[in-house]
Amino acid sequence: MSSSIYGKIFSISTWGESHGAALGVTVDGCPAGLSLSEKEVQAFLDRRKPGQSKFTTQRQEEDMVSILSGVFEGQTTGTPISMIVFNKDQRSRDYHAIAECYRPGHADYTFDEKYGFRDYRGGGRSSGRETIGRVAAGAVASKLLQELGISLRCYTRAIGPVSIPEKEIHWDEISQNHLCMPNQEYAKKAEQYLEKCISNQDSSGGIIECVVEHLPVGIGDPVFEKCSANLAKAICSIGAVKGFEIGDGFLAAKAKGSENNDVFFAESDGQIKKETNHAGGILGGISDGSPIIFRAAIKPTPSISQIQKTVNRQHENVDLAIKGRHDPVIVPRAVVVVESMAAIAIADMLLSSMTSRMDRIKAFFQTSL
Amino acid sequence: MSSSIYGKIFSISTWGESHGAALGVTVDGCPAGLSLSEKEVQAFLDRRKPGQSKFTTQRQEEDMVSILSGVFEGQTTGTPISMIVFNKDQRSRDYHAIAECYRPGHADYTFDEKYGFRDYRGGGRSSGRETIGRVAAGAVASKLLQELGISLRCYTRAIGPVSIPEKEIHWDEISQNHLCMPNQEYAKKAEQYLEKCISNQDSSGGIIECVVEHLPVGIGDPVFEKCSANLAKAICSIGAVKGFEIGDGFLAAKAKGSENNDVFFAESDGQIKKETNHAGGILGGISDGSPIIFRAAIKPTPSISQIQKTVNRQHENVDLAIKGRHDPVIVPRAVVVVESMAAIAIADMLLSSMTSRMDRIKAFFQTSL
Amino acid sequence: MSSSIYGKIFSISTWGESHGAALGVTVDGCPAGLSLSEKEVQAFLDRRKPGQSKFTTQRQEEDMVSILSGVFEGQTTGTPISMIVFNKDQRSRDYHAIAECYRPGHADYTFDEKYGFRDYRGGGRSSGRETIGRVAAGAVASKLLQELGISLRCYTRAIGPVSIPEKEIHWDEISQNHLCMPNQEYAKKAEQYLEKCISNQDSSGGIIECVVEHLPVGIGDPVFEKCSANLAKAICSIGAVKGFEIGDGFLAAKAKGSENNDVFFAESDGQIKKETNHAGGILGGISDGSPIIFRAAIKPTPSISQIQKTVNRQHENVDLAIKGRHDPVIVPRAVVVVESMAAIAIADMLLSSMTSRMDRIKAFFQTSL
Amino acid sequence: MSSSIYGKIFSISTWGESHGAALGVTVDGCPAGLSLSEKEVQAFLDRRKPGQSKFTTQRQEEDMVSILSGVFEGQTTGTPISMIVFNKDQRSRDYHAIAECYRPGHADYTFDEKYGFRDYRGGGRSSGRETIGRVAAGAVASKLLQELGISLRCYTRAIGPVSIPEKEIHWDEISQNHLCMPNQEYAKKAEQYLEKCISNQDSSGGIIECVVEHLPVGIGDPVFEKCSANLAKAICSIGAVKGFEIGDGFLAAKAKGSENNDVFFAESDGQIKKETNHAGGILGGISDGSPIIFRAAIKPTPSISQIQKTVNRQHENVDLAIKGRHDPVIVPRAVVVVESMAAIAIADMLLSSMTSRMDRIKAFFQTSL
């Protein structure tokens, strides 16, 4: 079944294997008249580029994007926007070990069973390089949201056991470290932790947090298309994500109603606000005007250079040594992936929300047409 | 936008407000030849019925289901299965307070903004009674899975701070308490905790866990239709859910690769197994043959009888006293809702998985037709 | 696979068999704030009611509709609108012949092969009564279009060989005959033709034409979601439809470019019009401001009382006599079905069209929210 | 809204403008293990190539396809198959006339209104070059059907008024002329007719017919997903199509029930057949084992070199002379487009049909997994 297509109105269709000729995405349903350049998309892709510090793989991946359609004279035309990144690093390697073995924590075994065989060169479609299409599309969605005054901020909240407390998040410090952590002190602790992981030929997981601001009230729909449900799917579709929570999340399970309820109040100008935001900006699945806040749990990189026990395609027990350059932690590079998927999901829901009320629909058709 | 429809192949379409004439669901895409009776659906609905202990609301909701179509001579016909539950308890009440005020933790405010007004009788479409359609459809999906040898077990893992340790889960004790907890000792602690909540006019959240066994390898698709992503959406679409995790979930974020990787091994008959199941039965978004394990964080019931500050429709600050009978905890009643949504999501993915391989498709058409 | 759900934004989900307990539809995605009453829906259903002349079956079908959800205080709430019609005439009959035989021109054989068995009571899900759900939903869609100033007119263009020439269509004469023909003289010819069919125990087909006026320019999307493509699917999904054409349709195949091209001209106020409308109001799949005109070919009723040769479930050759009361022509009753499907398809496309331009989206969010 | 994506299970996503950098398609949901080469796809694309006779445009379009993903070692992997054709002929031209004017019969005006502006180079997304993506995807779908023993034959039935009678169709003569007509004598008449069109600076329409053989009984679903409805949408989504009919089509509207009903009979081995095939192989929306037969009406090429009256972007009346090389008839080149869309629609429905019966599903999971 088709499974690389996401979104009802603002739809994306991604494709490409880690060691195929190219990877890419087609964004279909982007409104016409959005100014968009390859430079803006490239800026997003550069944020997922490896080799920027010792905590990311030293592989060279240039990943230069081209826009092949859907943009004319600097503006989107309303037709599909096809974007492509050619794989530079396609030289023939020795894939024997990975071709024959099922790496623990990877999708080798499940792909073989589901499809009968697999493209064994570097992970194929289950590689982290699959996210190139997501991020290129995310750049478009982010531009759309930005034009409407909506902002997304995404950052590393925790690396392994090193977690920044809620009250010590300082946005301006994010760019001061290679880990996308909004606290320089915790970033240093995290670096020390990662160095220990590296020296033990091990890897680390972490937590990514995202804050969406200035989203209008009324985004997301009741029942199955809740804002929270769509974000959950978008985020949990990212390879290494093992958990998702919105607002207080799992802490809410331990809380009492009197603690967890956010008290509404009216400002002097009549605007309705909430004293707290345990709900993470969503009530009944619909945005309530407070910031949307969610977190994603990222598992540790499964590719570690320790010898691991596993099985091969002949279903024999074997020892496996994974060679090559791998990220000791993917969290910093995954930040822009989470941000991209959130932007895509929100853009789709935002456009969907335009049809909820007859009075607004009437006004739209009287004004526009 | 339509938002009460879920599923691509096995689709459900739910409808109904808490105090409207009726609620129901249409299941479209259920294969023909599944034996199904109203009794089986009723058994599922009875599990979400209130009034079974002091920890659930004392409202009387009989919720008798009728199957109106799609079943003939005890078997599904392959056409839409329409199921209906008439609302018995529709007497005219004083909804003035709830009509005029925005209850904290509820969707009153967001519905009013999104739609311009709302059906204010008891929560309307954002009421917990909306889950009647999910559960009736869940009964059908569960029957389908059961016929294929797949089992789902769902239970209360935690109530507020009272959480059953992983190694102390005893399935057979679930039916011994009113909280669906698989440990009688922890159930008693939870009851004590809830009694304190009740005496404080307060409410509690909790955690529901679900285990899916005997699912074939190969269910779920790469990229956006991962088994984990679809479960995340299905579960996070349930009203009170604020978090979702699969396998080790948020603990994986703290773990190292060497700890989190599940070692594969081959049994003497060549079958591939995993020594551990940190992944929760899913690798690369595809089921790996181990049990699927996930958890949902449920927020505390927002309806509490303490006086709460809030605002009214005129955007004035007011005090609110919520009357009526409300659940001090909805977790035990939500267990069957989580189980239903999991069954629906898995049934949909299972049917989708039949088209992944040419060799199997060829064999299918040679055998069947 | 689910197949009784239609529409992306304005979605409908129909259900029910001809001799089951009830039939119905859920409309999901209708905007909030549309005034709607059971009376308005009933008026649509009454137009498909049989027994109004000798040219429709004399069966009694009262078909009283109830709205069970989604309407509150006379207005749609934005949540699913469930509508139900109980089957009155459910007495146990002798279905032996129809249960055992495959009626020519009916779906008995294909249902049995596809599903393994079928609900053989009166056609089950392939009965013309299946259209009750379409028409109830069509009433809602028509109301929505009417509120936006868009009108649909649907009528019988031909009965068998009796076809009204284009220049002799007189709207006001439609209500003067039982055949929904906009020309009283041709209606009389058609009646004579039908009487001959009846006396020969035979039946007739015909052509239904539909004109949609005041649709804004810009409805429908390029490539796969063309206005013409969506109308084609909506109309060809109706049981007896064997052909669909837009504008000049099959005549365009015989025409030359110089004849078929519609010349644009600007009126003195600058408004762009077309001198002719061979295109039927659609250019490149997008509405051009001229009336949308399409036609549907309806096959003759397959149930005729002549003895017919056929086969039974045991794959033996047999003679079949179909008893009971059947329409000698279904065209007049199908007019409202075609109109309903057109209204549903157009409502869905109209709502979809709101997201095509950034300038309009920006204005929408600045004004509305 | 996204509108360049087609199909539920076997999905295609096309992109590209006539004079952009490239055009292409991603096929998502193709089963793994289908052998596929660029050569096979190229063979399909070559059938839509212009410049093969004086009846098609003399523009040079090489249209060499590359497969960028989803095929590994000669076999589909089950992941998205991205195919691309770079536009060779991109030199800067004088698009002034076409940029400023609304060509009759083209989508210039409707695109401008819908999107606010348009890519005016040679038709942009509404160009016939858009079909490159459809045909490349059609090659994949056709290969899939061929592997299952299903065959599609598509040919020119009529050019303008020159129509081959049903009984004079001789398959083997198709390759003897440039018009894809299965009758050499009629092909010559058509050539004479086209030469007259050319000399009058005019163009011609025509009719394409398609026959699908060896499709199993049971393909297509009741109500909205009828085989006929899905084919209607797929075919009417092609740019120049103005009409669609299945089986006897519009002739059925004139027929009597006794003429139009196809009599079933059982062969000596018990197989059920039909004496005639007025229904075109579909009963109740489901394939009945007879050949599926449908026709598409193609309008005459709107680009003619006669001076035409029209309006410009400033809404002024002007005269327009369209320069360049245009097809006097597109029917022969559209044959492979119709065949492609039919193959894609049928492949999607065929895969969908695997979930209709519990007995077959059980057997599938017992055998396969």
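Going by the order they are written in, the chains are A, B, C and D; count residues from 1 in each one.
Following the convention adopted for this analysis, a residue touches a chain if its C-beta (ideal position, glycine included) is under 8 Å from a C-beta of that chain, and two chains touch if they have at least 3 such contacts.
Keep in mind the model is a prediction, meaning the values are calculated, not measured.
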| item | value |
| --- | --- |
| Chain whose mean Cα position lies farthest from subunit C | A |
| Pair joined by the larger number of C-beta contacts - A-B, B-D | A-B |
| Mean-CA-position distance for subunit D and subunit A (Å) | 38 |
| Geometric centre distance via CA averages, subunit D-subunit B, whole Å | 44 |
| Euclidean distance of C-alpha centroids - subunit A vs subunit B, Å | 26 |
| Two or more partner chains touched - positions in subunit A | 1, 3-5, 8-9, 14, 29, 32-33, 78-79, 114-116, 125, 217-218, 222, 351-352, 355-357, 359 |
| Of all residues in subunit C, those that touch subunit B in their complex | 1-5, 7-11, 13-17, 20-24, 26, 28-29, 32-33, 66, 68-70, 72, 75, 77-82, 84, 114-119, 124-125, 351 |
| Footprint of subunit C on subunit A - complex, ascending | 8-9, 29, 31-34, 76, 78-79, 144, 147-148, 216-218, 222, 351-352, 354-365, 367-369 |
| Footprint of subunit A on subunit B - complex, ascending | 1, 3-6, 8, 14, 102, 104-107, 109-111, 113-116, 125-126, 130, 158, 160-161, 197, 200, 202-207, 217-218, 221-226, 228-237, 239, 241-250, 252-266, 270-272, 279-280, 283-288, 297-304, 306, 308-311, 315-317, 352-353, 355-357, 359 |
